[in-house]
Every structure is written in C-alpha cells, then in structure tokens.
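Take this structure, written in structure tokens, and hold onto it; I'll ask about it next.
A, B, C and D are the chain letters, set down in written order, and residue numbers restart from 1 in every chain.
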Amino acid sequence: MTCPAALGVLLAAGLLLGRPALAQTGPPLPARDLRVEDKPLDAGRALKISFRRAEGDIAGGASGVARYELRRMSPGDTGFVALRSFSPLEHTEAFGTDDVGLSPSRGYLYSVRTYQATGDYADTEPVGPVSPRRQWFYTNKVNTLVAVILFCGLVIAFIQAARRGRSLFIRRIAGLDAIDEAVGRCTEMGRPTLYIPGISTISDVATIASLNILGQVAKKIASYQARILVPNRDPIVYPVTQDVVKQGFLEAGYPDQYREEDVYYVTNDQFAYAAAVAGTMVREKPGANLLLGMFYAESLVLAETGASVGAIQIAGTDAISQLPFFVTACDYTIIGEELYAASSYISREPTLLGSLKGQDIYKLICIILIVLGVLAMTIGAIAQGEPFRWVNEMLRVRGTGG
Amino acid sequence: MDFDRLFQSMLRLDRRIVYSLIFIAVTFPFYIAWPPFNVEVSKEVRSTYDIIEAIPPNGQPLLISIDYDPASAAELSPMLVAALRHAFSRDIRVLVISLQTTGQGAGIATQIVPAVAAEYGKKQNVDWAFLGFQPNPIVAMMAMGEDMRRAFPRDYFDTRYEEIPLLAGVQNYSQIPAVLTLASTAVGESWAIYPGSRYGLTVLAGLTAVYVADIQPFYQSGQIRGIIGGLKGAAEYEKLLERPGDGTAGMRSQKVVHYTMIIFIVLGNIAYLWTRRRRIA
Amino acid sequence: MSSEVLWTLLAGFMTLAIFSFLYRDNPLYKIAEHLSVGVSIGFLVVTYYNNVFKPKVWETIFTHGQIDYLIPLALGLLLFTRFFPKVGWLSRWSLAFYIGGFSGLSIPSTLEGRVLQQTEGSIRSLYAEQAVGFWPTVLQSWDAIFLVVGTLACLVFFLFSVEHKGPVGKLAYFGRLCIMAGFGASFGYTVMARVSLLIGRIQFMTREFWEALRAAVS
Amino acid sequence: MKLQIPLLICAIAGIFMAVQYFIPAALPLYERVNDYLQIVFAFSIVLGVASVVHRHGGRLVRRKKDWVYSSLIIFGMLLMLLAGFIGGRGPGTLFQHLFNAVLLPVQATMFALLAFYMASAAFRSFRTRSLDATLLLVAAVFVMVGRLDDFKSLYIPDIARWILDGPNLVSKRAILLGVGLGMASTALKVVLGIERSYLGSGKE
C-alpha cells in the first residue's frame, strides 16, 4: 500500500471513530493564554499562573492530549524544570495554580508543555521573568484596622479617665456576687473549693479572664484559711495558676497555707481530664465548684457530677454551645461577656472598670450602626433601587486572602 | 392518695432512676420494633436513592467511600448498610474505598461490606471489591481522577488491581456512575470540590447530622447531588428500601428518649407546682 | 485467641468501667480513669516530641542551622527554672511571651471575626419581598423586625455601665428572655446528637465486644 | 526587674502579633513566632509531667490513700512512652493499640454519658420557676418534639425551626459580639500590662 492510501484509510478510520483519533494524528499544539501574575496581598512568595487548553482540546479529555505540564526556570537554573501536571480529564476550560515558596523580587520564567500520549510535545512561549512582590497592607482589612484603633482608643481613654478618679457605675452581675457566698459557705462546711480554669490554652482569652478571677478567689479563700483545688488541663496554664494562687495566699497574709499539690496538672486529653476531675469531685466532695473559662462538650459531665455531690456551682464561659448546659445544671451562670467583666467587677479597681465603660461605648456604636444600617437597607429595599447599598458595602468584612 | 408525699419524693428522685430509664429507652427499640416511626422522605434522600436506583445492573460499579471512624459509626453505618442493600438487591456492583486518615474506616469496611454482600450471595472482586484506604484524601481523590490504579495498586487483601475482574473496565472517574461518601469531616466537602467539580463525578453524601448544615450549600449549587443526613436520613433511606434497619431502630430510640425526657420534665413540673402551691397556701 | 480479640476486650472493659460511674464511684472506674490519664500523658509526650520538638527544635537548629530557633529553645528551657525556687521567676519571661503573643493576636482577630462580622450579619432589610420559612408573607416583615429588635435587646442586656431599669431595663429583660429561649432551643437540639453517641457505644458493646467475648470463651 | 522584663516581653510580643495582622509582608515572621509559641508549649509539657510524677509518684512512694491507682497513672504513662519511643507510632504498633483500646473508648464513653446527664439535668432544673426559666423549658421541649418531625398538624416542627432561627440566632449573635469586645479589651489590658494577675501579682 502506498503512503497516501494508508493515510486515507487512517483518516477514514479517524472519521468513523470520532474526534479523538483524528486529533491524535495532528502534531501537538501548545496551551493558550499563559498568564503569570503577582499573587495579591501576600508576603511576596507566590505567583498566580493560569492558562487555557490547547486548541481542539475539550474539557473532559478524549482529544489526544495526555497532560499539560507547567514548567519553571528560576534564577540560577540552566533550563526549565517540571512543576506539576494538569489532566485534560478535568472538567475545566482553563487551568490555574499558585506557585508558592518563591522569593520576593527575583524573576521566574514559566512555560507550559502539552504532551500527547505518543510522547510528542509542544511548548508555549516562555512568559516572564515575573517576580513576586510583597505587599505592606491588607487593603481588605481597613474596616478591621478602624475598629481596632477606635476600640483601643476608647478603652485606653476610659482607663485614663478612671485613673483620674471619675467614678463609674457597674450593674449587678448575680453570678459574680454568688462567688463570695459560695466560697463562704464552702468554708463553713469545711470543704475545699474546686476551681477549673476552663480546659483551653491561654490562646483563648477566656482562660486569661478566668485566671484574673482565680487571683481574687484565691485571696478570698486564703483569708478564710480554706483549701482550693485547681486541676489543670493545659501545661502552660498550670504554672500560671500556681503563681496566681500562691500570690493570692501571699496577699491575704497566709503564704504558709498555700499547698502546692492542690494546684496540679492532670492531662491534656479532654475526656480523660473530665474523667479525672469527675472522680476528684466525687472523692474530695468540694463545697463549691467554680467552672470559669473555655469549655467544650465535657462541660455537662463536670456540671452534673458536681451537682450530684451537692456542691454550689457557679459556671461562666463564652462558649455559646456549652452555655445551655451550664444554665441548666449550675446554680449561677456567668454568660459570655460577663466573664470578661468579672475581674474588674470583683476587684473594683478603677483602671479595670474604665475598660468596661469603653466596651459599653463601643457596643453603643455597634447598636447605632445596626439601626442605621437596617434603616438604610429597608429604605433601599422598598425603593427598589437600593440607594443605600454602599452602607452595607462599607460595613462588609472581608476575610484574609483575595 | 397522698399527693404531697408522692410529689415530694418525685422531686427528690434518685438520678440513677433517670439514667436507667434513659438506658432502657435507648436500648429497647433495637430489640422490639416499637414505637412505630414514620418518616417523611426528604428530597435530598430521595435524589440519592434515585441516582443509585438508576445505575445499570451488572455494569460499572457504584463507588462507596467510607470516610468516617468508629466515633460516627452509629449515624453513618446504617447508611452504609442501606446503600449496600440497595445496590446488591438491584445487582449493582459496588467498589469500596476508605479515605479516613487513621485507617479505622478500613476496619469498618471489612466488618460491614462482606457481611451485607453475603446476605445477597454477592462474590468478592466480581460483584464488589474493597481497595483499602489512603491516608491523604485529596491526593488520593486527584490520583483516582487520572488512574485508579495509581491510588490503589493493590486492594486491601493484597490482590493486584489487574487481577480483580470488577475493575477490568474501570480506569478513572469516567467509568464511575456515582460516588457515595460517608463522612463526618470535611472529606465530604473535598469530594464535591475535587472529583465533583473538576472531574464531573456525581457525588452523593451521607453525613452526620451536625455536619449536614455545613454542606447544604454544595447541594444547592448542584456539586452534591444527594444527601443522607444523620440517623434520620438513614431511616428515610430504609423507608425507601422498605427494609427497616439500624437507622429506623436508631430513630425509634431517639423518639423514645426524647419523649421520656419530656415526660420527666412534665412530671417534674407538676410535682414542683403542686408542692409550691402547698407551701404558699 | 488473637491479639485483636484481647484489645477489643480491653476496650470493652474500659467502656463498662466508665459507664459504671453512673451508678457510683467504684474501683473499676478508678482503674479506667487513672489508666487513661496515664496513657493520654504518654501519648501527648510522644506526639509532641515527634511533631514539634524533633522537627521544629532539633532539626531546625542542628540540621538546618537556623540559629534564631535558639530563642524559643531558651524560652522553653527557662520554664524549667521553676524547679529551683530561687530563680523560678525567670520562667515568667517565657509565660509573658506566650500570653502576650496570643493576646496581641486576638485583639484584631476577635474584633474582626466576632464584632464586625456579627454587626454586619445583623443588618438586614426589614421589608420582606417574598415568603420564606415559617411565617406567612404578611408576617415576614415582623420576623425581620423581631430579629433586629431581639439582637439589640440582647446587646442591651450586656451593657454593664447602665442600670437595668426603666425602658433600658425592659429591653434588657426582653434580651434575657431571648437568650433563655435560645439556650433552651440549643439544649433540645443537642439531645439527638448525644443519643446517637450513646447508641454507638451500646452497639460497640453488643456487637464487637460481644463477638470478642464469644471468641475468647470458645 | 522581676516584673518589668516580663511586662516588656509581653508588650513586645503582643504588639507585634497585633500589628502583623495587617501586613502581608510580615507573614514569614509571623510563622516564625507561631513556631516559637508552639515550641514553648512543647517544653511546658515537661512541667505537666513533673507535676504528675510529683503528685502520683509521691503517693506511690509514701503509700498514701489510693496509691494503687496513682501507680496506674505512672504505669500507663511509662508504657505509652516506651511503646511510642521504641516501637514507633505506625498502624499495628503497641502505641496505636493502647490508644485505640484505652483512650478511644474512654473518650467515646465519657462523651456518651452526656445523653444520661442531659436527661437528669433537664429533669432537675427545667422548672417553671420564672418567666425566663419557663421559656427555656418550653423552647427545649418544642425543639425536641420538632426534631422528630412529630405533630406537623400543630406546626410544631415549624415553630421549632423558628425558635432556632429566631431567638437562638439573635442571642448567639449578641453573645458573640459582646464576647468579642470582652476578649479584645482583656487582651489589650494584658498587652499594656494593666491586667497582670497572670504574673502572680495583681497590684500595679
């Protein structure tokens, strides 16, 4: 058979079998529209790369292209190095990836190679050199910055005002008043007080809030010369609770009453910790359980076991999912923000009270913003044209990244 | 009758009595088929069922990925059993994998899949196969999009891919009519994002009740074509199969526990109001 | 008897031991409690040694020569001064670094993630164009109004520097009622998930554990 | 000295972490500091272990009450350490088996106990004591019934849905917002050294 005849047969077969076979007969074609751009809002360590399929290649594959290979030449390289492959089987018209781990201000060249099943390939024209740039401000976080400056300003201003002797009113918080009563009754019964500073790390600010309360509670207990038990779940919180309780006993004038073995570390495992503390509750029979800080699902194990031994229970947390259980199983519950107000409330130190006032003012600002925003949205919705859409746009919070 | 004493003692009821009744309430529905539990089948479960129903018998296999560990087994295993029963009763072949990171999902597979297959006299490697587990779900999902063999060169029982008759025509997702992922973690989402969107695979998801809300947007956008949510979803599926199993039994338990608790609350309040009225009077 | 059977029996024993606490504290529970505490501490140490100490301290300093990691190494070692009462105060340097770092980070992140996002989320039009959910169309707007007023009332409940009486007191009380109803709802909503967990445990006992027990006996 | 240096360290670390939040280019430095924090945490575990050994080892040596159980903690810990450091952590090792057979069932069972505790807590304290307590109770009962899809003709599932999307959402929002403010202000006070009781000294 002569050559043209063979080709004719092949072509006919290709037509019969459909496009794939036909496409395989042609030479490989390069990918299209290779683009390399700086990835915005980063530390200059990444580039955004995108390209489109070669002509004739369709999404879902079956066109003779075996794979696309992204290749890069870094400064100092002598040639292109394969980075990663893209499959023509993917249901997408264009491919994209971020090339990360680059150095800022150095130039990188890119190219895409189209491979056929036969091993033949075609390259795009190299693009570049492009260098990643670092940015110095998250332009999508202006709102957050304004909020941080405004909030810090308010809090600091009111703390200064309080230092100058402005008297500040603070409303009653029942759960916090009850702490005194609980500790007192506990002492009368000759039972220890059990204090759980939450089960989270110090990276949860709730833990810090709890440690501030612990200082006041320890002082009070020391002044009654009673015992306080502090089982810890976090090994960083543990030394801090030791210092805080020790200081409380020192300030109350009974440093010798402080027992180091009563402030101890149990384990990091959530439920092993819960099992151990539940056991402690049953065996030591504390007169009062103070559960203050961050809690997870073990909250009800602790609260119900505590209730079963007849302890007065005061719980406080900002964990919304656990508050219903504390409200149900404990005598007093300190809800959310009240936990953070606690150390100011108990200590009555003017500097600390000042910050509460600052928080309140900020809260009022939020309330006003909500009212104004809702009005704007409503008028906009009724007027159809949404003339006040910008109000909501302005308040929008954007996450990190793009 | 002395209501005062009765209600007084009810207010001081030993908590262990409450515990025992809850224990009975949870356990008994698994042994006696009571109370009747009637569910309305949601459209998410219905579409899952319909998609599996439409897979041609003795053809390309339905892919089932066991992406949960024993902690979520109570909710997800009933779905696995129901889906297997559905497939086997219609002579649909089943290919099982597990993308649960610690490999405990594989343990679940070896317990449940052969047992259900035996109910229908289905043969391993012909009517079903279990390829084992891969600890890195996204990497495995992408690899399977190209070539299943690359992700699973040998099955769980160390048989080579090529020696499994079921897999003769299976190269990648193009030959898979649908995947059912049973997940308690973000793996369910990954199925929608990678094989679902990138390779156009039909993704069905069986999820724990807590996790359903997170994945609902994927259903609305069509990236997930069917959802079985929690024990209730399993019970709905069993209703469509007309074969009650652990899902239905579990929902009966739920029902008994819920109403037991409500009765406790109501009785407690009657006792409370009665004694309080006495005290005031 | 295979080792798998033994492990399953041990797991079943631990399960029963924990359940026995519902009746009362007892030696079985104490065994399970103390054993699991010990094992979990061992697990923690091994995990942190392999996942943090080895790659992030040992290898960065001695293999990759990143000298700046001597700073956290020093801070970590300073913690051990606590074992010597005279110099124990030095450990506060490490604690101050740890606490300061996380505190600083949480100022912008909580203001953005909690305060700003919730403020934005509360801003919705009161005018409902179409019916969604439970309320009939006419009442749709009432629902929207409820959401806004409820949010404001709950916020007022958390005001500390204003006495809760008069109109403020009424609004705060309404906020408190919303909070309580919300708590009740999430309590009721969680029952099902917890019962599922219990079913899971009971199934483990009646299936895997029972099988293992039978295998052990025969 | 004893107080000033820690306060300075705290302020520097805090201000850096707050400021870097707004600077993309600071990301590599942030990652470093994050590593440092993790490393400090890893070292603190030694303090925890020392506390455990001191507490339970002491009981064991002095044969105090419950010393047998204390010895179980030490035994479990040593066993796990030996298993992990000698046998490795892969599947099928003693380390994995101990984790699966001791720790997992305890975790799962403690978690499952909540089903019992929820029932007893509800029975004990869901009382029509006051209007807010009554609302708590009623909302819980409605949602419990609604979750089962019972009493559709009485619209109970719809009402339950509304309670979850209405009052529940509203209260969560307000709590989140308030907590955010409380957290930020507490954190600010720590960074500025106004709140320093964590250093074991409440007074300025």
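Keep this in mind: a residue touches a chain if its C-beta (ideal position, glycine included) is under 8 Å from a C-beta of that chain, and two chains touch if they have at least 3 such contacts.
Remember, it's a predicted structure, so these values are computed and weren't measured experimentally.
Averaging Cα coordinates per chain and for the whole protein, the chain whose average falls nearest the overall one is C. The largest tally of C-beta contacts between two chains is found for C-D.
Taking each chain's centre as the average of its CA atoms, chain A and chain D sit 14 Å apart.
Centre-to-centre, using mean CA coordinates, chain B is 29 Å away from chain D.
Chain centres here are Cα means. That of chain B falls 25 Å from that of chain C. Remark: chain A and chain C have CA centroids separated by 13 Å (rounded to whole angstrom). Residue positions of chain A touching 2 or more other chains: 141, 144-145, 148, 151-152, 201-202, 205, 208, 236, 239-240, 243, 266-269, 271-272, 275, 320, 323, 325, 327-328, 335-337, 341, 356, 359, 362-363, 366.
Contact of a single residue of chain B with at least two other chains is seen at positions 15, 19, 26, 70-71, 254, 257-258, 261.
The set of chain D residues touching two or more other chains comprises 18, 21-22, 40-41, 44-49, 52, 100, 103-104, 106, 108, 110-111, 113-116, 118, 120, 122, 124, 126, 136-137, 140-141, 144, 147, 172, 175-179, 181, 183-184, 186-188, 190, 198-200.
Contacts from chain D toward chain C in the complex involve residues 2, 5-7, 9-18, 21-22, 32-33, 35-50, 52, 66, 69-70, 72-81, 83-85, 89, 95, 97-106, 108-116, 118, 122, 131-133, 135-144, 146-147, 155, 158-181, 183-184, 186-188, 190-191, 198-200. Of all the residues in chain B, the ones that touch chain D in their complex are 13, 15, 18-19, 21-23, 26, 39-40, 70-71, 102-104, 232, 251, 254-255, 257-258, 260-262, 264-265, 268-269, 272-273. Chain A makes touch with chain B in their complex at residues 60-61, 87, 89-92, 308.
Per the touch definition, chain C reaches chain B in the complex via residues 22-23, 191-193, 195-200, 202-204, 206.
By the touch criterion stated above, chain C contacts chain A in their complex at residues 18, 21, 24-25, 29-30, 32-34, 36-37, 39-41, 43-44, 79, 82, 91-92, 95, 98-99, 102-103, 105-108, 110-112, 115-117, 119-120, 122-127, 129, 148, 151-152, 155-156, 158-164, 179-180, 183-184, 186-187, 190.
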